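Sharing a structure, written as structure tokens. Questions coming.
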Amino acid sequence: MTPVGSINPLLTGGSLLNKIDAPLPKLPGVHLGGATAPASGEGFGRMLDGLVATVDAKQQEAQALTQKVLLGDSGQLHQSVIAMQEAGVSFSLMVEVRNKLIESYQELMRMQV
Amino acid sequence: MVDPIFQSDNYVLARKLLDAAVVRQEAVAANIANAETPGYRRVDVAPDFAVQLKARLESGELSASAGSLKPRIVEDTTARAIRPDGNSVEIEHELLAMNKNAVEHEYLTEIISQNIKQLKMAITGRTV
Amino acid sequence: MNLISGIDISASALAAQKTRLDIVAQNIANAQTTRTASGGPYQRQVVSFETELVRSQGSANGSLQSVRVAQVTTDRSPGQQVYNPQHPDASPDGLVTMPNVNLSQEMVDLITASRTYEANLSVVKNARQMAMRTLEIGK
């Protein structure tokens, strides 16, 4: 699935999530109480992977059902409509998560150290 | 992440029952078409569909097992012969069944629609 | 594309009822026809219905059947004989054999066929409404 597949390398393979997930730099005199951030690739990366997989699966299901209806194979118009809506919602969720992640990253980069 | 909604009990139930409503519409169409065919026995969705659906709900594995449950059309053995040639179709009864089914269909699509719309609203933050 | 559930079934039924209505109209129109091309008075025609397998759901499941006209048969029972020596088709002893069309019987047939036709039409309407509503899911 081209639109879905193209988001994945951009975010997980690339530098963006690595930067977000990277451990915070140690500043002299500042003690960070909690644990350091998880290793790169986990956390947001895995969540987005899961999302992409879900969206892919739902879009394929929607496409299969739609094709069946188009070819006159099945009287399952309602399943096709529901599958398309579900795929749309999943896709929309993934896009919003991506947007928020990018926003947070940009916000972080703007912070004065 | 979206699956908690798409696999919630009521949503899955509604989708399955929607399958049954569509099949029942076809069964009623067949019955009304054959209202005067000699020897025709009326058909309907198998009554054990609802029973099985409920059983799977109560066993807790609805979303996993619901996919395999499909509504079937069987002869309605409780219908008695209306005409001397054995035809068991009463047009008024069929029309009533069709109207009842239409309302059920409307109700089920409303449930599914509301679930999807709420999810959309939650994701995009907009009410449209 | 089978977008409206059951429409092929209803379509067959409407076609069958239309044929029946045509035959009834033909009978009524010829209720007084004492001379046909093949000689003799008009004999009424009757349609008979039979089921037509539309969709089977596999051996374990029931199947959906629509209806079709099995055949159009001619009712060979003799019509009434009326004494009318002036009639051009009168036999030597002044009797005219009328068509075996019973008008009240035909009218009952006409009304029944119309009622069944209307019922099938309402099935189509209902199915279409359901399909239109389905398309609105999530909107």
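Letters A, B and C mark the chains in the order given here, with residues in each chain numbered from 1 onward.
Here is the rule we go by: a contact is a pair of C-beta atoms (placed from the backbone, for glycine too) under 8 Å apart; a residue touches a chain by one contact, two chains touch by 3 or more.
As the structure is a prediction and not an experimental result, all values here were calculated from the model.
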*Can you pull out the chain pair that has more C-beta pairs in contact than any other?*
B-C
*Could you name the chain whose CA centroid falls nearest to the centroid of all protein CA atoms?*
B
*When the C-alpha atoms of chain B and chain C are each averaged to a single point, how far apart are the two points in Å?*
32
*Provide the C-alpha centroid distance between chain A and chain C, rounded to the nearest whole angstrom.*
62
_Report the inter-centroid distance (CA atoms only) between chain A and chain B in whole Å._
35
_Residue list for chain C, restricted to those that touch at least two other chains_ = 5-6, 134, 137-138
_Multi-partner residues of chain A (each touching 2 or more other chains)_ = 75, 77-78, 82, 85, 89
*Multi-chain contacts in chain B: which residues touch at least two other chains?*
22, 26, 109, 112, 116, 120
*Hey, which residues of chain B end up touching chain A in the complex?*
1-3, 6, 15, 18-19, 22, 26, 109, 112, 116, 119-120, 123-124
*In the complex formed with chain A, which residues of chain C make contact?*
1-3, 5-6, 131, 134-135, 137-138
*asked:* Which residues of chain A touch chain C once you look at their complex with the stated criterion?
replied: 69-72, 74-75, 77-78, 81-82, 85, 88-89
*Name, in rising order, each residue of chain C that touches chain B in their complex.*
5-7, 9-10, 12-13, 16, 48-51, 54, 57, 60-67, 112, 115-116, 119-120, 122-123, 126-127, 129-130, 133-134, 136-139
*Complex contacts: residues of chain B adjacent to chain C*: 21-23, 25-30, 32-38, 40, 43, 72-75, 91, 94-95, 98-99, 102, 105-106, 109, 112-113, 116-117, 120
